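Each of the next two complexes has subunit A plus one more chain, namely subunit B in the first and subunit C in the second.
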Partner chain A sequence: MNKTLLGYVPEQSPIYVVHPFVKLFFMLVVSLFPIVIYAPEWNALIMLVIILLMWYSRVDMKTLKIYVPVAISMGTIILISYTVLGGNHPEFRLLVRFAGINFYWERIRDGLVVYFRILPMIFTMVFFLSTSRERDVIVAMRFVKIPFVVTYVFAMALRSAGLVLEDFFIIRQAEQARGFDTTGKSLWYKIRKYIMYMIPLFALSLRRAEEFTNALVARGYAFTGEAARVKRPDYVLTHYTFKTLDMSLTAAISAIFLIILILRYGYGYFTLDTSVFISWLSRVL
Partner chain B sequence: MQGSTSGKELTAAQIWSVEKGEKRSVNVIHIVITALLIGIGFVVGAFGSISFPLGFGVNFFWTGIAVQQVGSIWFGMWGVIAGAIFPFFSNAISGTPFYVSLAYIPANFVQGFLPAWAFRFFKADPRLKTGRDYLILLGAMIVSSAFGALWSPLVVLKGFGLLTTDSVPMFIWGWFGGNVVAGLVFNFILLKALSPVVIKTAAFVKKWWA
Partner chain C sequence: MSSIIHIKDFTWRYISADKPAVKNINLTIDEGKFVGVIGQNGAGKTSLAYAIDGLIPGQYHGVKEGEVNVLGTEVEQFHKGMLQQVVGMVFADPEAQFTAMTVEDELVFGMENLGMSIPEIKERLEWVCTLTDMTPLLAKPPYEISGGQKQRVALAAVLAMTPRVMILDEPTSMLDPYSRKRVFDVLGKLKHENKMTVIVIEHSLENLIPLADEMILMSHGELIRHQETHEFFQDIDFLLANGVYPPETPLFFHELRKRGYYKGPIPVTNEEAIKVFPCKTGG
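The block that comes next holds the complex of A and B.
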């Protein structure tokens, strides 16, 4: 199994046939689709495609469970935002009045539209995180010639996040061993005592910064001055070739986006007026 | 150790002023500290984003603010850069769309930049020795969070069509309260506890870059 940024993917996953840049490009471009697509059924289709891609890539779907509460809370917030906090609008079609709150068709419709626009953006991000390893991000960045220092900072940041998380668990266990345990305490108590983890985390990171620096200096790394201008062999890039398949996928993603833009702004597709789902829901409600 | 006067405790003005003959330049440690701050922010920020979400990356209690503001006070522009970048990661993990996170950058930048600027401009002591230091930190926290709270719901979330006009105040107060309360809980203690050590390290930034 390969450890990705969010979970695990088998080493034999078909996703590794694809160049890391294509995954990054997919995330950047497909995230734009719901910005121009308003019709919920099309956004639902994007989500379905991404789920199928995850399944095809053999992503461990169990890791995605953490997004169920996110999706539910986000949906609830959007619904509350558009209905309870939506204000009084006599010009809208009143569906029901409950506990003094007016529920208008237009508000529920808009809430649904927003929810269905935000979900595909989250899905594309989750797809990227659950299929990409730290190395993939580095390769993708170096492939598009992002400066070495920027790539290095990103790589180190991703690596250090893992280290910080490890430190966090060690600190928590060390404090539990000393009798400090927040289990069963109130939320406010837990929040206040979170500082008990933050101070050691910062202190450890400061010490680690010095260790990292010494290690880098000892290896002759420099990010400024003459030494920084020395051309570095992109060793990691030699393991990846941008094949015809990658070119085709990149071209296909770009073409789909272009088609969506033309259909949306040239022919008025993907709008609420053309939405089959919205017109059906309007009739039902 | 840079900038220390042996035996005597540094004054607030001495902390920020470059002594005669003292050479300060951008070093490998600054790059490393930026990366590590992004790493801490990633983990700490994600805790707040997952535990207390209001939606779209706005939280009732955002622990990441401590890394953003304390890191910027100690490490100048490196902390500001880290503070602008790490929410990208912590938001991504907690399910905020990529382009929404991207649009938050100005808010996150100001939230890190303003406390760093205030401490350097007013020569406040990061060890929080006097009431003035506390006041400067509090003021910077409030003003910077107010900017973030206005920018993010009004410009970003409204711009993406994610909020109705009537629900904007909830997000403004959510962002503002979530940042200021978390700042009150963490910033003061972190600065008080760790500044005496940090100002003596090579990573500490007196000006903006070194």
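The block that comes next holds the complex of A and C.
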């Protein structure tokens, strides 16, 4: 199994046939689809396609379970925001009045539409992070000629996130070993005492920054001066070739997006008025 | 043999410290030598190493006196990043020195900085992977492998740059005995096959002694002894007085000599000790 940013993918996965840039392009472009697609059934179709792609890529589908509570919480919050906290709108169709709160059809509809527009974006992101390693992100960025220093800073940001988390656990264990433990204490206590972790974590981060700078200097990296003018070869890119398949996939993703734009703004597709699901729900409610 | 490092009256005080970290260092190291640097914590070993690699005064604020010359040029005269083509440095904490997301990227990072061509990088990568037995780890993130493997990656990453001088600052301080031995096995190959100048700051003397041509002892910021390894371990009392505990073999012979049971030179390795006793078995 290869560790990806969000999970594990088997070494024999077909996803490795695809150039990292295509995965990044897919994530960036497909995330835009729900911006122009309002009809929930179309967004549900995007989610279904992404789930199929995950299955085809042999992503461990069990890991997706962890997103179910997130999806439910997010849906609940959106629905509450649109209904309970939605205010009074006499111009809307009142469905029910409960505990002094008016539940309007339009507010429920809008909540559902927003929810179904956010979900595909998250699915796309989960698909990308589940099938990509840090290196893929870097390769994709370098492939489109993003300057080395930018991709490097990005890579280090990814890496330092893990390091800070690791340092945090070490500090917490060290403090627990010396009798300071917030386990089982009230939330307010934990918030107040959080500074006990933050100060050593900050000090440790400064030290790590110093060590890291030394390591960069020791490896001959320089932001300025003669060494900075050296033309850097990009060895990592030699492992990846942008094949006909990659070109076809990139073209297909672009074409689909273009078609969606034309259908949406030229012919009025994907709107709420044309939504089969919304009209069915309207009749049911 | 020509000298590759020449240090003259070198004193360094960190800006925040009252006393110098190193003072009045005079040292010459010949090319191709394997030098062990020992001394108690705070003796100034790391500061000396940083001075040779240009991290002092480049990355630290402080007051410098004297000269630190590498290949006849004062380290401050080197353009940024140029000294590191000559002097490679491996730090004590392997994790702190990782600069990339996979072992392979880590190994090629330094070579890319030097502007090497892709075929040259490929060739050196293969060489360093064979030398350090790194091939199975290439695709892994460097922070997900074992401590010993991490230190070998750090060592290999610097080796791939093929500097003329390698400095290792307590490279095995975080390792178990087996991993420690594997690191020293690599250093042994370097000494015998590549004739690289190697300076190792180390507390694990039993691994260091068999490889070291010369030993340096530092104490309270001063270089108090610099001798050929064999000669260095003849004065055990001096070493003990300065907080150095030699391995069991020289200590044992030192005791024998003190009690009058042994008169010859103190052997520093087990192999040398065995030769002292010309016993024959099987008859």
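FYI, the second predicted complex is superposed on the first by the 280 of 285 C-alpha atoms of A that agree within 3 Å, B and C clash if a C-alpha of one lies under 4 Å from a C-alpha of the other, contacts with A are read in each partner's own complex, and residues count from 1 in each chain.
Everything that follows uses one rule, which is that contacts are C-beta pairs under 8 Å (C-beta built on N, C-alpha and C of every residue); 3 or more make two chains touch, one makes a residue touch a chain.
Computed from a predicted model, the values in this text were never measured in an experiment.
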Q) Thinking of the overlay built on chain A, is A:V217 touched by subunit B (first), by subunit C (second), by both, or by neither? A) both
Q: Decide which partner touches more residues of subunit A, taking subunit B and subunit C as the two options.
A: B
Q: Applying the touch criterion given at the start, work out whether A:R208 contacts subunit B, subunit C, both or neither, answering first, second, both or neither.
A: both
(Q) For A:V153 in the superposed arrangement: first (subunit B), second (subunit C), both or neither? (A) first
Q.
A:K185 in the overlay: touching subunit B, subunit C, both, or neither? Say first, second, both or neither.
A. neither
Q: Determine, under the contact definition given at the top, whether A:L165 touches first (subunit B), second (subunit C), both, or neither.
A: first
Q.
A:K243 in the overlay: touching subunit B, subunit C, both, or neither? Say first, second, both or neither.
A. neither
(Q) I'd like to know which partner A:V114 touches here: subunit B for first, subunit C for second, both or neither. (A) first
Q | First, second, both or neither for A:R93, with subunit B first and subunit C second | A | neither
Q.
Taking the superposition on A as described, I'd like to know which of subunit B and subunit C A:D234 touches: first, second, both or neither.
A. second
Q.
Based on the A-chain superposition described above, do subunit B and subunit C contact any of the same residues on subunit A, and if so which?
A. 156, 158-159, 162-163, 208, 210, 212-213, 216-217, 221-222, 224
Q. Across the complex, what residues on subunit A touch subunit B?
A. 6, 27-28, 31-32, 35, 66-67, 70-71, 73-74, 77-78, 80-82, 85-87, 107, 110, 114, 117-118, 121-122, 124-126, 129, 149, 152-154, 156-165, 168, 191-192, 194-195, 198-199, 201-203, 205-206, 208-210, 212-213, 216-217, 221-224
Q. For subunit A, which residues count as touching subunit C in their complex?
A. 2-3, 133-135, 138, 155-156, 158-159, 162-163, 208, 210-222, 224-228, 230-236, 238
Q. Which residues of subunit C touch subunit A in their complex?
A. 50, 53-55, 58-59, 79-82, 84-85, 88-89, 91, 93, 95-102, 104-105, 108-118, 121-122, 125, 139, 141, 143-144, 157-158, 161
Q. Hey, which residues of subunit B end up touching subunit A in the complex?
A. 25-29, 31-40, 42-44, 47, 50, 53-56, 61, 63, 66, 70, 85-86, 89, 92-100, 160-167, 170, 185-186, 189-190, 193-194, 197-198, 201-203
